[in-house]
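My structure is below; once you've seen it, I'll send some questions.
First chain written, first letter: the chains are A, B, C, D, E and F, and each begins at residue 1.
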């Protein structure tokens, strides 16, 4: 086989490959463009739905998703990549904070949480956003998976007064939070993360609300 | 058609298994003495389940029931299940575990002699994965009377935390891990202090160490009877001692002592009765040493760093996976091909 | 192609050459996603769509694809189609999209899609290929559904948990009451393997019995003749 | 002086059951009515028959000549008339027949002419040929032609000559009695062998459960005044008598499978063989009888000097078989051969006729699956892993079985003896080995067939080509001819317009004509003559058949259907 | 340094691609009947996967991310991997025809060995740097090869077992894989301890 | 959209060229696999497999055009070996290609043979010797038992005779102590 035929064949296959690529990438790019708005809207909807579960929609009146401070890596919240804290305001006054938090020590790795803390420092609600806890054992931290639909485990965090926060530990560790026997690790991870988040919110409350929208927040001085 | 040899030694599988059962008796006796007669109930439940499972599968497969039910191998499996499961697990858990061992892990492979995995240990792993809570509840010596044990076994669900104290292996491990965690009540404690608790005896757990001694006695008898060879027990105990001793020597406050490792959990029954299972274990001399030493290292690693309280069962299964290759690679040189 | 040919292709896909229990392909989603029946069937449906589309497209374009680069081209097409389906689900069937999560992109790497494209679509005309894709997909969905049901029932004693995410308001069926302790292993990887093993054995058993019956019938017929 | 002994791995200690048959001296057996002497009694090629039915033979007369380079002769055990040379039942598990000479004794027991040879003065090759024609083969069980073993390896000399008097199998005592009664003669045979092998030392290994034999041999050595010969008592453990095991015990040398022991400076012979060599060299008597133990389910177990070819039941009758006798076993209970019938002949390999009954050798308990307990490996004297070989033999995975050294197995039976699962392990190994051998034969046949097929294709190709060339040449010639004659036929054609196909090219016609002519010629010739490939014997055979057929009748022409002529 | 070790150990044992992450099962089931071929397949996959991880990292970081077209990730990765596989196939076909014949349909199927796409995507999700990506790819494929070879060892022996007829072949192999996966659960928790 | 196109086009160009080049650079000629398959086939050359001999069948298998279960003389054992070599599933002998028979050799009836040479031409391994109008004989050791000589014989004088077992070719049987439900 001579060099030239080899080259010509390479060129031919290359061209055909490119033709297919162009056509199908175009198809994808087109779909992407056509669906992007819809997808973003759907995602925002979803987020708002989740937020309303931890922070009643009636308790704030700003566009929550557009009012946030950005965080760099923040060990206090378990964030090693950074995240956001959304600020809820009612009639311009601080109504609460919504913290993206990570419990790094779940049974199967990190558990992404959102923790809502009211202006008075009490916890308003908690949701696990993503987790990989063992199905049927540790996944009760997610109310969708919790068998007890009437009063899911995570509901214990709805309304913990600021004064009760020192008791935000699982019972095994001497706190108030119940857990499922045989799956303490998951419960402990979530509980400790919530306590840390609430402490963080209390410590930085004023500075958080004072910060510019979208500003990079430096954390505890 | 019968061909030579026309004479045979009088030996049978039944005899072998019977001796293994007899060798378990000292350990069982100590078990009953320290922890109560509940274990006897468990032994009975497991034996019945094993025979039932085996009989059902034999019937389905059209194999001679009388022959295989009396070979006693199912009973050995059943007893080892009963002895390695906590003595107060509910009856259905023992039954499920035993049935899985006999039906899935043994009979699906064709029955006696053909299973690549140790049935009893596979059952242990399946059950501890499925019911980590129930499978981690070991009562302390003398803590429960027979009536309570019966109630626990047959009484359905219960609040387990209220009855069981921390078991030595589990407690020490939780504590050792807690010692480095500022959130934990154990923060700052040292291994030697932790081992002062009422649950601990001279070497291992209170009572438990005598059970282990019973297994040791029975195991030595098995060696004397030439049912098992010294390789596996020696390599297992030796390697476990060395590995845990090394870590302990480097870090006496972070790890339990080698004697504690040998005397606790499944170490002794594992060394003499479980890893020695001829069917699922290595068969060549060098292979046995490798197999048991590997199991010891894995046991230590799982105990010290893993998620489960004891590592013997998982280590056994993991080494079972390696057996075909170990056996293949450790063939002794045959006659005329030795290097000496 | 006549009706019979289509029927054959369909039967082939659903039973004779079933991906999960005969060809032993496409196992990863089968094992990973069959923890409950809702997830399983949802993914199965998405796979049917992808398989039908990729078989159709590739059968139609098969004459333009040089042999040496067929695999990259096939994969390109499949990946593009999967992404399109993924984006479409995301935008217009958001609820369902959330249930399936990463499972849709995973279809790209499902080897059964490529295997069918290679083995069938690349050699047949579009009509039959589409039927083949759908039939194979149905076969896969069946396995997924049975496996999902088995594992869900044994593992947690329920059926159709998570159904409310697709049909809001529907409740899962609780089979053994709240006291059922569950059998976690069934939901974990070991349970997946063992359950699929049993499923394959079950199919073998049915086939063997069918064969034995046919054999007996043939013998009887012969005897009647004689 | 105590010699340092070595140990071999494994081995077992079955009940020996030897004392009963050692109480009486070696007995004599009356002449039977009929002797059946199989021609093929030893390893190696099949001897050709040298007698025909009706011939008169003398005792010791050669009736089967050694054939090929690993064969040994067979002799008439007594004088009498050859009744038949035909297949007869063999003392072999298969129950198959093999070519045998059947002699009706005339009662004279008259020796024919006996030549002797002086092994010290004759050339070694001469002595070996002499022993081959004397039919001396190993009497230890392997029946390997002894002359072939009497070659001192590459170095021309040997370190140790091992004489095997271990007799480790239970029940058998023929070597024991031979050593007790005929030690001096045996010793003379040993001296001859030592001379031929140029051996430095001779070690006679005898299990320590035969003190009388040890004493007798030691006495004979002392009496002979020879040095460098020693009778060594070795520990009683089966199979100490296996050549490899005995060499190991006495010298520490392990001879691997597939290697010659002379490469390691040792050679091993049975005591009975030594005695026969003495008989042959000293008196010119070929191997026509041997000591046979009759034991087992008989009232009076005893050893007899038995003529080769004697029906076994004829011998056993003397020992008084019990009523529940259900089988004879040739050899011991560990390695013996189950016999198809009671009246099979005693052959050179028959060291013992073990009379069996269901009570004495009960059927083993049902075979259970192997539990990999390793007992068999502990017992295996060849250091094998029998359970692995079994596992793969059972699955008919012969490649794997061979990877575990199947062919190093000496079939001693120790593994089956100890197996708690009662698995007939050796049967699996025998099965595997014979399957592998069969497969090798098939493979060889296939390879040969491939070669022949390819050769035939090549030949046909060549013939076709030659034919084509010839045809082309001829066609060219014809064409020329036709062209030359061109004008005339053309006018012919024009003159005869009635011809149906005027368009046919005359050249072509001519070609066809030529081809048909050629075909006719070819048919006349012997077409595909295939005789050049046939070997001379086959040519001869064909000629013979042709002759026979010619003789058979003149109906040959009428028998030929028209097809053949067409 | 130790963190790199943990990346490898975690990928080989704790989160074994096949037995715990359930990826790459088709070749795991298909090419494990003989030890020899399992070793070959393991080697081929290790090569492709490690190379694929490195290449996809580079393409992701230096092409896709700067261009802002991350949604093409799946497509780009799989096409790159397919090309690597194809080249590997050609090389194997040339250098070892028997291996090629034996690996049969599985070589092209390396492309859809879920692990081969899954691992690079996991690299992205786990924010691995280049070295980590390579190690993770290597560890995962070693884990795959390890599981494959051990499984083949057991399956070779299973050939002789008297398995009930319906379970003969793939079914009992599945059960075996299940028990292997169970055994590997014993490593649970090891990766979190550092 | 344009960036997406550019990026993917670039990738495709590079890869496409690379592949095209590799497919030429590593082109394979010949197929040693055929030899391996042919070595397993029994070389009976009978054509029962549907191919004109063992090697064509081997070529067909290697090319993926034939199943491995079409050779009756090779029997189950042969299929098993092929399955092993090729990593395919074992399947029982395909019925349409015939059944496994005991090994036989052809024998020519001396009295009937007319020496027509037709059998010589048919025999693929030259196992028949003889010249025209002469008696033909079959060399038993070279006859593969393919039966190809039976059909052409105009006087039907060739018969197949199973090869008798001798002490040398006798095989130990599989030790069956099958424990059935009797107990």
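Note that contacts are C-beta pairs under 8 Å (C-beta built on N, C-alpha and C of every residue); 3 or more make two chains touch, one makes a residue touch a chain.
Note that the coordinates shown come from a computational prediction; the quantities given were computed from them, not determined experimentally.
Counting hops only between chains that touch, chain A reaches chain E in a minimum of 1. Of all chains, the one whose Cα centroid sits at the greatest distance from that of chain E is D. Distance from the centre of chain A peaks at D, each centre being the average of the chain's Cα atoms. Taking the mean of all protein Cα atoms as the centre, the chain whose own Cα mean lies nearest is E.
One inter-chain figure worth recording: chain A and chain C are separated by 33 Å, centre to centre, where each centre is the mean of the chain's CA atoms.
Mean C-alpha positions place chain D and chain E at a centre distance of 55 Å.
Per-chain CA centroids place chain C at a distance of 22 Å from chain E.
If each chain is reduced to the centroid of its CA atoms, chain E and chain F end up 37 Å from each other. Taken residue by residue, chain E touches two or more other chains at 71-72, 75, 79, 83, 86, 156-157, 160, 162, 164, 167, 169, 172, 175, 179, 182, 185, whereas all remaining positions touch fewer. Counting partner chains per residue, chain B has residues 1, 64, 67, 104, 110-111, 114, 126, 129, 131, 134, 307 touching two or more of them. Across the assembly, chain D contributes residues 366, 369, 424, 427, 430 that each touch 2 or more other chains.
Interface of chain A with chain E (complex): residues 21, 25, 28, 32, 81, 105, 109.
On the chain E side of its complex with chain D, the touching residues are 156-157, 159-160, 162. Interface residues of chain F facing chain E in the complex, by the touch rule stated above, are 3-4, 6-8, 10-12, 15, 18-19, 22-23, 25-28, 31-33, 36, 62, 84-87, 89. By the touch rule above, chain B contacts chain D in their complex via residues 1-9, 11-13, 15-16, 64, 67, 71, 73, 110-114, 227, 229, 278-279, 281, 283-284, 327, 331-338.
Chain E meets chain C in the complex at residues 19-20, 22-26, 29-30, 71, 74-75, 78-79, 82-83, 85-86, 105, 108-109, 111-114, 116-118, 164-175, 177-179, 181-182, 185.
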